[in-house]
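Think of it as A, B and C in the order they're written, each chain with its own count starting at 1.
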Amino acid sequence: MTADALDATSALPLPRRLPRARPGTVVGILAVVAAAVVPVLLGDFASFVGSRIAVTAIIGLSVTVVTGYTGQLSLMPYTFVGIGTFTAAHAVSSWGWPFWFAALLAAVATLPLSVLVGLVSVRLRGFYLAIATLTFASAVGATLFTWDALTGGQRGLTVARPALGPVPVASDRAYYLLTLATVLLIVWMVLGLQRSRIGRSMNAVRENETAAQALGVNVRKTKLAAFVISGMIAGVGGVFHAMLLQHVTRTSFQTPFVETLGVTLVILVVVGGMRSAWGPFVGAAIIYVQLEVFRTALLLQYVLAALSAAAFIFILLKVPGGLVDIVRHEAAAVRAAPLRNGIRVTVVLLVQVAVFVAIWRWSS
Amino acid sequence: MSVFLQVAVIGLAKSGIIAMLAIGIVLIYRTTGVVNLAHWAMGLLGVVVYVLVSQSTPLPNALVAVVGIAAAVGAGLVSQRLVFSRLRRGDGVTMILIALGVGAFLAAVAQMLLRGQRGEILVEPTLPTGQLVLAGTVTTYAELITIAVAIGTAAVLLPWLQRSRTGRALRAVAQNREAAELAGIDATRYAELAWMIGSGLAGAALLLLIPHSAGERGGVLSVVHLVPLGSLLIPAFGAALVGGMISLNAALAGSLIFGLVQEVLILAPAPIADERDILAYVVITVLLLLRTERFFATNAELEALRA
Amino acid sequence: MSLLRTEGIRLSFGGLLALDDVDVAIEAGEIVGLLGPNGAGKSTLFNVLSGLLRPDAGRVHLGDQELTRALPYERALAGMGRTFQHIKLFPSMTVEENLLTAQHRHLDSSALAAMLRLPSWKRDEEEARDRVEAVLELIDLERYRRHRPGELSYGTLRFVELAVALSLQPRILLLDEPASGIAQREAEALGPLLREVRDVLGCAIFLIEHDMPLLLSVSERVYALDFGRIIAAGTPDEVTADDRVLSSYLGRTRRDAVAAG
């Protein structure tokens, strides 16, 4: 195969070209501005939904690091979220800690468990690890989360949204802007992680442990690092989760809901794109916007749940990069042949919007 | 003594349900290499069909139960045909993720079929209701029938898998797919058969489980049952792990640990009785760390399962 | 003192003695060949050297470090690079990212530094990219920088794998059949390339290769292995003239070879 032939094929699957194209940056900035402005303009409820998406995206990033990057299947993200949630609830409400200290404490509080699971992951692979994490989720739900002093028993705990120094974030709009800023910060951090020796080691461990070792990658340390970082992200997600709801009970972190939430989160992350730091955000946005739009139509919710599970299976079988990859691919196609592909993509998008609106009108 | 017997009967009934789930998990794993985390949802679909049919037709409940089990069998067959047969073997993480996806899909379909009825759903009794006193111990018909069905299933299925032509073919497919195909065994068909048997057992297990939740009134399908991983899937995997996901006999022994032993420990001194669930989780973790499969299969067989 | 030394390596699988009292010594900057018929234990020896197999007896030294008990990654960090008989690259990464992964040994900035884009991370990344660029240039792979392994021909992948191992900047490079499965023209280019690699990077090379002309032309010294034992060592000319080597390649049994020798 000649070099020219190779270059021609490479235009198709869109490997990340080095100098980021200008239009992409512009679109990205516009998207962020739109994400910040639109829900705030739409009102308190839209801002609440926006916060929910942002919080889910933070928690989803914990799955991205450990499963998407490192290839270790953990089904217990919400166990770490629970630890973060109850820690933050006490730190803020009972002890009056400032917001960021509480977040830091919540991240640190996940350490003992994440180190334990990390060590287990060194010994167990594939489904053994998956079942071990399911078991841990149940076990923590039956021990730590039944401890009334931590979780407030049946009544649960009330968590106020504290002020950030002089800036109050009690309103849904202000809280949305805070969570959006936080998720963007964490996405930025995870992007940095991916472009570092640790991120590359994680990818190497996922793809071939033997080859990774031959290149000097300490597999044990890498897995441990993945679980620790993932646990801390989920812990921080727990803080924002607590303050989003302002009242948390232990039930959702106990068997069988904690495992179910874990499964739902993995689905959302994979649909968005498991190997990209943007994946959880995309997946959470798609799923929660639909759930909220069709909130009144109970049956449609289950149809949506079935559809997203089907999309999840399809993506795993056919497009492992998820929606993020599909968008990148289409963007490249449009750039390559603006007229033809531009029309095609526009038509497909319009049809999707039309279907969405039609279902919405029909359901309400 | 009668307290012990009473607890033992409850434990045995639980063991029976776990055993039926565990046999299906083992059968599907060793024939196709898929760790079926959707196992609960296959059975759930059977129960939901049972609920719908029994609500809308005057058919006898036993017959409706057969329809429910058939629905679970269908769910297993369709999942294998449409999804699992398309999977490249060896990509463990994708395989488990897909099983989870299938579970979530089936659970959503089950909810859809129930038209989003929320909270607790009253289920027509699958088994005769009522209590009886046996050797000075109060038990229910449901418990005794559950135990009898589980023992009967094991007594029929295990020797059949061991001795019959079909059973031997299933084992051959499990041990070496290529060699089995060269010997004229249609591996695809036997993989589907394993899924059908496993899923049917899951349907039967759930149909047996539901009556225990509401006694006299029949049964209650609560939200705990409607989630993709259900309430007994983790103990069922624990039981399967006792046999390294390979040995059916050891999986049966495992079912006794996670059903009978766990229930009987309620009579133990306080810390043990209170923390029975935790003990079970510790046992599962230890089983995982022990890599029990190496006691039941040679390295070559394990390679074949993973390859 | 030699760069890489083994003393009395012995390893058996079940009852089968795969390596029997193997002593090899490779000097810094030397190119040494390892020849022997199929099943002689060549790859087994490489796996012992790189830590994938643990010998029953014997020792492995690299420079002044004893590595007998070191884990594979520790040996890589100590400066031992290797390739595999069956190519092991990371399929979802580009060629450049594959090479960057091998830079691990030269980087030390923390995860936090990367997440916060601290100067230590930036410096690390720039240096890593420069070193990767130098290797890509040396092996002439710059145009494949952004390709993924699945898009490249098998022959090219062999060179990519070599480049990845070199990106580690090893003191010694173990190459397991680098010419297998590649076109004759590419195999002919491999010999001069290996010498150039040695001259530019100064690393020693220990080479398993079935392509005899390539092995004999590029190696300065050769070990011959048969039934897990070193049966001859010396210059390529000396080893190819050795009776036992000849007979092991003529397919005679070992007893005949011993009797003849």
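By definition in this document, a residue touches a chain if its C-beta (ideal position, glycine included) is under 8 Å from a C-beta of that chain, and two chains touch if they have at least 3 such contacts.
From a predicted model like this one, the values you see are computed outputs, not experimental measurements.
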Chain nearest the overall Cα centroid: A
From chain B, the most remote chain by mean C-alpha position: C
Whole-Å gap separating chain B and chain C, where each centre is the average of the chain's CA atoms: 50
Approximate Å spacing (C-alpha centroids) for the pair chain A, chain B: 32
Chain A-chain C separation of Cα centroids, rounded to whole Å: 41
Complex contact set, residues of chain A against chain C: 1, 3, 6-7, 9-10, 13, 15-18, 189-190, 192-193, 195-201, 203-204, 207-208, 210-219, 225, 229, 275
Interfacial residue positions of chain B with respect to chain A in the complex: 35, 37, 83, 86-87, 92-98, 100-105, 107-109, 111-112, 115-116, 118, 224, 227-231, 234, 237, 241, 277-278, 281-282, 284-285, 288-289, 291
Complex contacts: residues of chain C adjacent to chain A: 50-52, 71-73, 76-77, 81-82, 84, 88-94, 97, 100-105, 107, 109-111, 113-117, 121, 124-125, 128, 143-144, 146-148, 151-153, 156, 164-165, 168
Touching residues on chain A, where the partner in the complex is chain B: 67, 71, 73, 75, 120, 123-128, 130-132, 134-136, 138-139, 142-143, 255-257, 259-260, 263-264, 266-267, 270, 298-299, 301-303, 305-306, 309-310, 312-313, 316-317, 320
